[in-house]
Structure formats: structure tokens, C-alpha cells
Amino acid sequence: MAQILPLKEAIADAVRDGDTVALEGFTHLIPFAAGHEIIRQRRRNLTLVRMTPDVIYDQLIGAGCASKLVFSWGGNPGVGSLHRLRDAVEKGWPGPLALEEHAHAGMATAYAAGASGLPFGLLRGYLGSDLPKFNPTIKFIECPFTGERLAALPAIRPDVSVIHAQKADRKGNVMLWGVTGVQKEAVLAARRAVVTVEEIVDRLEAPRHAPNVVILPNWVVRSVAEVKGGAFPSYALGYYPRNNAFYKQWDHVARDRDTFNAWIDRHVRGTADFAEFRRSLEGTPLNV
Amino acid sequence: MAQILPLKEAIADAVRDGDTVALEGFTHLIPFAAGHEIIRQRRRNLTLVRMTPDVIYDQLIGAGCASKLVFSWGGNPGVGSLHRLRDAVEKGWPGPLALEEHAHAGMATAYAAGASGLPFGLLRGYLGSDLPKFNPTIKFIECPFTGERLAALPAIRPDVSVIHAQKADRKGNVMLWGVTGVQKEAVLAARRAVVTVEEIVDRLEAPRHAPNVVILPNWVVRSVAEVKGGAFPSYALGYYPRNNAFYKQWDHVARDRDTFNAWIDRHVRGTADFAEFRRSLEGTPLNV
Amino acid sequence: MSDETVPLKPDTPYTADEMMTIAAARMVRNGAALFVGIGLPSAAANLARLTHAPDTVLIYESGTIGTKPNVLPLSIGDGELAETADAVVAVPEMFAYWLQGGRIDLGFLGAAQIDRFANINTTVIGDYHKPSTRLPGAGGAPEIAASCKEVLITLRHSPRAFVEKLDFITSVGHVDGGDGRAKLRLPGKGPTSVITDLGILTPDPQTKELTLTSVHPGVDVEQVKKATGWPLEVAPQVSTTAPPTGAELSVLRDLQARTAKAHAGQA
Amino acid sequence: MSDETVPLKPDTPYTADEMMTIAAARMVRNGAALFVGIGLPSAAANLARLTHAPDTVLIYESGTIGTKPNVLPLSIGDGELAETADAVVAVPEMFAYWLQGGRIDLGFLGAAQIDRFANINTTVIGDYHKPSTRLPGAGGAPEIAASCKEVLITLRHSPRAFVEKLDFITSVGHVDGGDGRAKLRLPGKGPTSVITDLGILTPDPQTKELTLTSVHPGVDVEQVKKATGWPLEVAPQVSTTAPPTGAELSVLRDLQARTAKAHAGQA
């Protein structure tokens, strides 16, 4: 049964050094606040899992939290490279970063297998691609009916999955809508699930015309933390838009190791929580 | 792109003798009107597919439309047996009925595999059950990672799937909500999909608090027919409740071959359409 | 003194079915996630929710999660289940993410036949190809029996139901006993109680053979043995099931009265 | 005379990127279901929808089906995609039921490198373990390339992009040519056009080798050969791409102006 906790406690309770952690989100509802809290708590040696590692993963990697990345597309969407991710892969800074690389279809299938209690997931995929040569977790099996070659991937079962959602009620039932990516699967596949939300309300109700409403009952969630704006600079449909300027400006911050270090020290490690982080941005190019 | 057609034309266009036909629905939104039209058009030798064949399948089987049934639970829910189904299986009346028998989890997986373009579906299932002894389509494979035995089922790919939904718009986009069973998978797995709806509206909008809204875009549907009350005696959430009395009374109609024949002749074969069928029930024990 | 603890007056009549349903309901731990079949299991699960286990999460295979029906559903997908649910999901998701995903605490099954290792038959009586009675079939049962952390079975006691050998194994309980489940690598621990109209059977911790551990008030051990189609193991100490409390009985009867009224016509 | 057919005045300047986007957009059949990547493919697909192919169904891998954005999304999951979609589904469903399900007519891909059989690299430049440039990776591309009925590829022409040998095969086009796709039992027919800023390449019907079939106005064949890192096959008859019409150019420019304005800050 989900506990309602302050974010600091929720992360301290759920995320341990060496864990496999998925902070999921597909452009929408990226759990930035939770990612910052992991940086603040100086977790180390994490295996980070995500289909689309973006700026928050760039920050986690640059801040030295991760030793491995499981992913299928790593970039700053619409802007370009993730410089901290590239620096870790290309130069081993701040430490080496092992890669387990997939295609989206494979990772989505592996998450769904994890959520389904299956040891592996099955897809028509990777045929002819070099990815299986560099990722030994991708195997091929033969269909027992048609003889076709199909890809088989071990289920993804994170120690911890973290997502951001629009709402929870006071019992910890969670509601999200819009682009929900693999968040449901990530939560159901994980041993421990932490959810940050825009608001905790008396009664869960979706706004009129909200597309693709997903509900996660409280008994599949370990903790819920209310963090208003906790997906900034990504967006929360119905709450605030994506701050595209931040994503573009991030390119400048992340290009240089010293600039990045100074930014993380000042704005993340040097702030007590996400609200203070937001205030610390005032007057900087990355402000709202 | 879906055509909006009268039901009679939609069925004539899509359903042919010898086809594999799934009229899906899990208690809710059972496509009774479409099933009646198949009886009226005297289709023969159908392989009927459904997780939960109920009264409409009892009618189709008793009326001699089917030579095979693929299913996982066949009964009159909360009432008892389907007498026409039992008579066909136990006594071969009105003709022999071959059975391909599954468990729900297996059929749901096989439909999902069909919708997914996979040749087979994978589940932890059937272990220790006698079902695989009597259904040779159920095989077991070994997980390439853990060595566990998992069940493998060939994908279900009906020639035609028929569902009933609450609404469509004038372009043939379909909306349903509430208990939606495997309807989405049945439609996406089928070569041809026919949808009957309570109403055709200018703009698809779900009612406030409608749970589990599913949208099927018009380009995955072959035809849409407006049939008000077309799920009677089952229910359409937001439109009318389940007519439990009909289900209970059906037990009496279906017990006896002659009573059944007379009922089908009078109320289904003897009526031009579903509206006339409904009027023909007036004053009978199976009336609304 | 709360209503819960008011003992039934000794002369209050109750039926064997009521005793069975109440005994089954008592086995539900508050807060557990229950996968519920229609009929007796549904009545017991809802009775538990309406008495000592208000935070029980009722899940029906139609895809309704956390449903709180005011009347018992006649079918597994009744509108009231959807309207009172915390969430409604598609059936493939229900079986894959929720049941097979291993997150259901307790599965609640009925049966037409059961054997000494709590394997059950809901498929056919007689030969599969020439059955004397064609039953509805498996439904969700094989995977409920396999994947729920624990399983309860309720059915009426008779030699025709409690048989030496099943005509068809639809869903496995403890297979052939002992470590039969472990050998099949089944995830859940299988049936932990069989609750009948005569008493309660529990698998022996080692052999997994069903053993009579409790008889309902007014039932004697011989009667249960006679209603069982194999030589029934009996625990050294057979307890007597506590009779229904006034509260249990009145909540159950109210529920069934509401249900009967609702199902008389449209519901 | 409708706007559509107004020819561009001969002296109206347009960029090579505009020509590429417009040439790509023209390949979209009205009513087709398109699986669209971010960047050039998204611009071309939306231009098609806003000009000759209004009933085109745009699908982004974020799960948005039938989306009608007013500005180009910066990311593949922008809010506007969700708000203007006919339906939004989860990402596993998108890949399983919609893409792998074989119901997408046309996949629209970009690439960092391409070879003569239209195989593409979006993973690394250089050695995988010691890359000179780490690119974003596969994303949805391998299965878009495999499963869409047909695939279009757009990228800028240069010897660094059009290479003799890919540093990494991320997604296969025509594999090693000929019946390479059939041998792998890939469902779709693979890339049918590669649209660049210089012209259009089409796989030879037999060998599947990319062949220059059209050059954009003002571009000559030699220029395209020089920008290609292998000895480029040239069709016996190389046509010249029709220049942008006034309507195409103004719709594209309006779209990009709206987009630039929207993305300047929050959007």
C-alpha cells in the first residue's frame, strides 16, 4: 500500500547504491525532481534504464550516479546530443559507462514482459541489425508453429521504477494521462515503485477529454510524493507546457565539464529540494 | 476506411460460409444484433471464436451456423449451461461441433499475438492441466534465458471479428468504454472487422467518468452499422442495463430442440431486423 | 460490544450454504488483492469486504480492479463492477500484467470436481469427446490456480464432487502431492483451504493431501467422510467452525436479498 | 485556378532543405497511415497533411495516433501531439499492435549514414566501443524499417552520410540487395525512396541498389555522384524534380515560422 512521503524520504527509502533504476517517461512527465533527489543523495553505481534517456539522465550520468545505461534512444529530443552521456561513453568521464543498447520495440517488449511476470519478451525485431552483436541479451528463437526467427529479450525488472504523474488521491492511487509511454509497465515490472505527482487530491478524476487515462492502484506503488512542477522542464499535460528553451539551453551547459559541474553544484547539489532548485534558476538562461 | 452500412449489408459483405468469425464481448456489449443477422443470412460451417461464448453463440450453434467452436468458457453466466452448445457437443445436434478449447489466459494471449502480428503468443499457463492433451495447438517452449517451460499458442487471426460499441462518428471512428474484454485485440487481429454501435454521432466524446475508454480509428474497421440496443439482452454501459431476466428465461427456451427452433424461426429468422426482433418479443417471457 | 461479536442465538436457523460462504469469507485478510470467480466465490469475497475486510481489493477477470458492487454480479462483467471499480483494464492486460504478473494475493475458485490434492475439474464429466455432462470449461481457473500467491476453493461436499480421480484436470492444485507444484515451477503456493458446506479441508504440510481440519456446527466427521469419494484424511484435532455471527448472517442475507431483487429483471 | 497549381515564380528562392522536404511530402499518399520520426520526416509528413494529403494519419512512436499538430513537435511526445490525436496509446501497444501488427503504410526515417542498399546507421560513427561520435541510437527505426509496408528515408547528401560501408547497421533497408529482405522474412517491402537535398534515389527493382532517378532543379548528376561515397548508379533517364509550388512553399514556411515561434520559449 502506497505511503505518502516527502520526496527526500521516498528516494532515500527506495533507491540504494548499485540498484537498477528506471526513471521512465516519453517526453511527457519526466521525473526530473526525483532524478535531482537521487543526485543530491549521491547514489552511486546505478544501472539506469530508460527507453529515451534525456536531460535528466545526462545530469545523473554527469553527476557520477551511473555505471551502466540500458537504453534505446539517447538524445536531447529536437536539439541534439546529450553531451554528458557522450562524454561518458566516448571519454569515460566522470567514469566509464557500460551500455546495454536496444531498439524501442525491444525495450517496450522487455518492460511488458517484466510487468507480465514472464522471463522474456518476444518480438519481430532486430533482424539484420548489428544491435544483437553488441548486446548479448538479445537472442533469437524459432516459432514452434511457423519456424520464423523472432527476437527474445530477458524481461526488464528494475529494482526501482520512478515516474511522475498528474495526480494521486490521499490513499496513494495514481492517475496519469496523455502520452504515458511505458510508465505503467515500468511500475508493474519494478520491485519498488516511486511516483511523484503534481497534486494530491481528495478524489481522482480525469479532466474532461483527457486522452489515455491510466490508473495505478495504491497497492502496486511503494510511495507517492507530491512535487508541484516536478516534471519541469518537461511537461505535465493539463498543468504546464514543455519548456523547450531549457532543453535548448541545456546544450550549452552540458557541453563543458566545468560548466556542467558548476551548474549541478549550484542548482542541484546546492539546493534542498525541487522548489529551491526552481528558485535558483531565476535570472539564469535556464529559467522558466 | 470504415464504411457506414446497414447491418444487413455489413454482414453480407464481411461474413462468408466457412469463415472463422469472432463475435467478442465479455458480458458487456455482446453483438447480439450482428449474431442474429448471421443466423438470418443462414451462414454455414463457421468456426466461431470467443473467450466466453454465451447466449448468442448458443443461438448460432443451435441454428446450425457453426461447425467448430474455439473458446475458453462456455456457459450462461450466473444461470448455468448453454443447452444448444451442450446438445451439439454431447449429441451432435443439429450437427457435430468440433471444439478447440483453451483457458482465458491462453486465448487472451493468442488474440494479443494476432493483434501484434506475431505468429504465436507466450504465457505461463496450462502447466499440469489436461487441456494441452486435447488441444494440440497448445505447445510448450523453453525460455532461452531461464529454461522455464512456457506455453506457446498460435496467434488467433479471425477472418472476421464483430463487436458492439457505444458510439462511432460519421467517419467510422469507434469508441467504447467500461468492460472492453478482448474487443480491441479481436478487431486488430481480424482480416475484416465489423462494428455495430448504439449511435453514430458528429463528434466522439466519452461521458464524464467513463472508465477505460477505447478508441478504434476508422482505418482498422471495415464497416460500422448503427443498431440501437444491438447488444440486448446484454448491456451497453451508459445506455441500458443487462436484461438478466432474458438470460434466465433463455434457459427454458434452449432446453428443448423444438422450443428453440420455434423461437429462432419466429423471432430471428422470421423478423427482418433487430428492431423487428425486439418488437416480436413483446408479450413473451423474454421481453425487456 | 459491537455488532460483529454478537453471537447468533442458538436457535437461529442458517443454511449449510450460508455457513460455507461465511467460513470462506473469514479466510480473506483485509487489504488482500482477490481474484474472484462468479457464484460462491463472489458471494464470499463480497461478504468479506462488507464485514471484516473493507480494504479488500476485489478483481474480476473481466478487467475490473478494486470493484465494490452493491449487489452480487450475475455475470463476471456486470455494469456495476465497471462503475464501482478503481480501474478497468482490457482482459489481456488483466491476465498478463495483473494475474500472471504475480500481484494477486488470493484466488477464489469454485469447481465441479476436486481430488485429494485439490486439483479441480470444471471441463467435462465423463469422456472428453463423449461427455455425459459438458461443463463450461476452464475460464481463468488454470492460471488463477497457478499464479495467485494463495488459492481458496469453495464447493458443496458430495461423493460426486470429491472424487478419487478427476474426469479431467482443468486446473492444478497440488498436482500429485508433495513437491508437485515446485516441480512444475508454478509461482503461487496453491490451494490453502477447501471450504465446503460441511467443513474445511487443508492440505497436509508435507504430503499436500487434503485433510479435514474443521467441521461446521452440527456436522460430524463421519458425515464428511461419507461425502468424500476417497478415504479422507482427518486431522488429529478436528475443530468446529464457529457458527455465523448475527452480523455475518445479516450482511450476507441483505446482500443476497438486494441481489435477488436486482436480478429479477434488468440489472 | 486553385493555389495548389500556382507555379513558383522562376526567381523565387528556396533552400535545398525546403526542396527535400517538399519532395518527400509529395510521396505521401492521401489516407495513408504514416509512422513519423522527429525532424525532417515530421516536417515532410505534416506538410503532406497540410497540402495534398489531408486525410493522412500521422502516428508518432510516443503513442499518438492520427495527430494533427499546428506546429511541428520538438520532441516526439509533445503535448500538442496528444491533444490533437484521435487516440493515444501506451508505447508497448504502439510497437506491438500498431507497428508490428503490420497496419502502418509508410514509415518515414532519417539517418546519419546510409549505404547503397538503404541500410541505415543512427548508432555510432567509428568503433562501437570507442566511437568518434556517439549518435542517439536506434529508437523505433529497426522495426519501422522492418514492419511498415513501405519506408521513405530523408537525409542530406554528403560523402560522410552516403558511405560505402556503414560503421554500424542500425536498421536494414534492402540488406545486401536482391532478395535480402525476403531471406530475413521481413514483413514490409523496405525503403522505396531516399529523398535528399540533391535528388531522389530509388532501389533498382532487381538488385535493390539505390539508383539516382531524379535531381532537384539546379542540381546536376555529377554533383550527386560526388556527394555519394560509393560509385552511384544513375538511371538511364534522370528526371528533374518539379520545383516547389507557391502553395507548398508558403505552407511549409508558415508551418516552420509557427514552429520557431512556439519553440522559442515554452511550447
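By written order: A, B, C and D. Residues from 1 in each chain.
Criterion: a contact is a pair of C-beta atoms (placed from the backbone, for glycine too) under 8 Å apart; a residue touches a chain by one contact, two chains touch by 3 or more.
Just so it is clear, the model here is predicted, and its values are computed rather than measured.
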Set of chains adjacent to subunit C and to subunit D: A, B
Chain located farthest away, centre of subunit D as origin (C-alpha): C
Subunit B and subunit C: spacing of chain centres that average the CA atoms, whole Å: 28
Subunit A and subunit C, separation of their C-alpha mean positions in angstrom: 41
Residues of subunit C whose C-beta touches two or more other chains: 87, 96, 100, 147, 187
Overlap residues in subunit A, where contacts from two or more other chains coincide: 112, 117-118, 123-124, 148, 184-185
Those chain pairs that satisfy the touch definition: A-B, A-C, A-D, B-C, B-D
Touching residues on subunit D, where the partner in the complex is subunit A: 38-39, 61-64, 73-79, 81-83, 85, 87-92, 94-96, 99-100, 119, 123, 128, 130-143, 146-147, 168-172, 175, 180, 184-187, 262-267
Contact set on subunit A toward subunit D in their complex: 26-28, 51-52, 71-75, 77-79, 81, 85-86, 89-90, 101-105, 108-109, 111-112, 123-131, 134, 148-149, 178-182, 184-185, 211-212, 214, 235, 237, 240-245, 247-248, 288
Interface residues, subunit B side, partner subunit A - complex: 117-120, 122-124, 139, 141, 143-146, 148, 150, 152, 154, 205, 208-209, 213
For the subunit C and subunit A complex, residues of the former touching the latter: 31, 33, 57, 65-66, 86-87, 96-97, 100-103, 147, 187
Residues on subunit B engaged by subunit D in the complex (per definition of touch): 1, 112, 115-118, 173, 184-185, 188, 215-217, 219-220
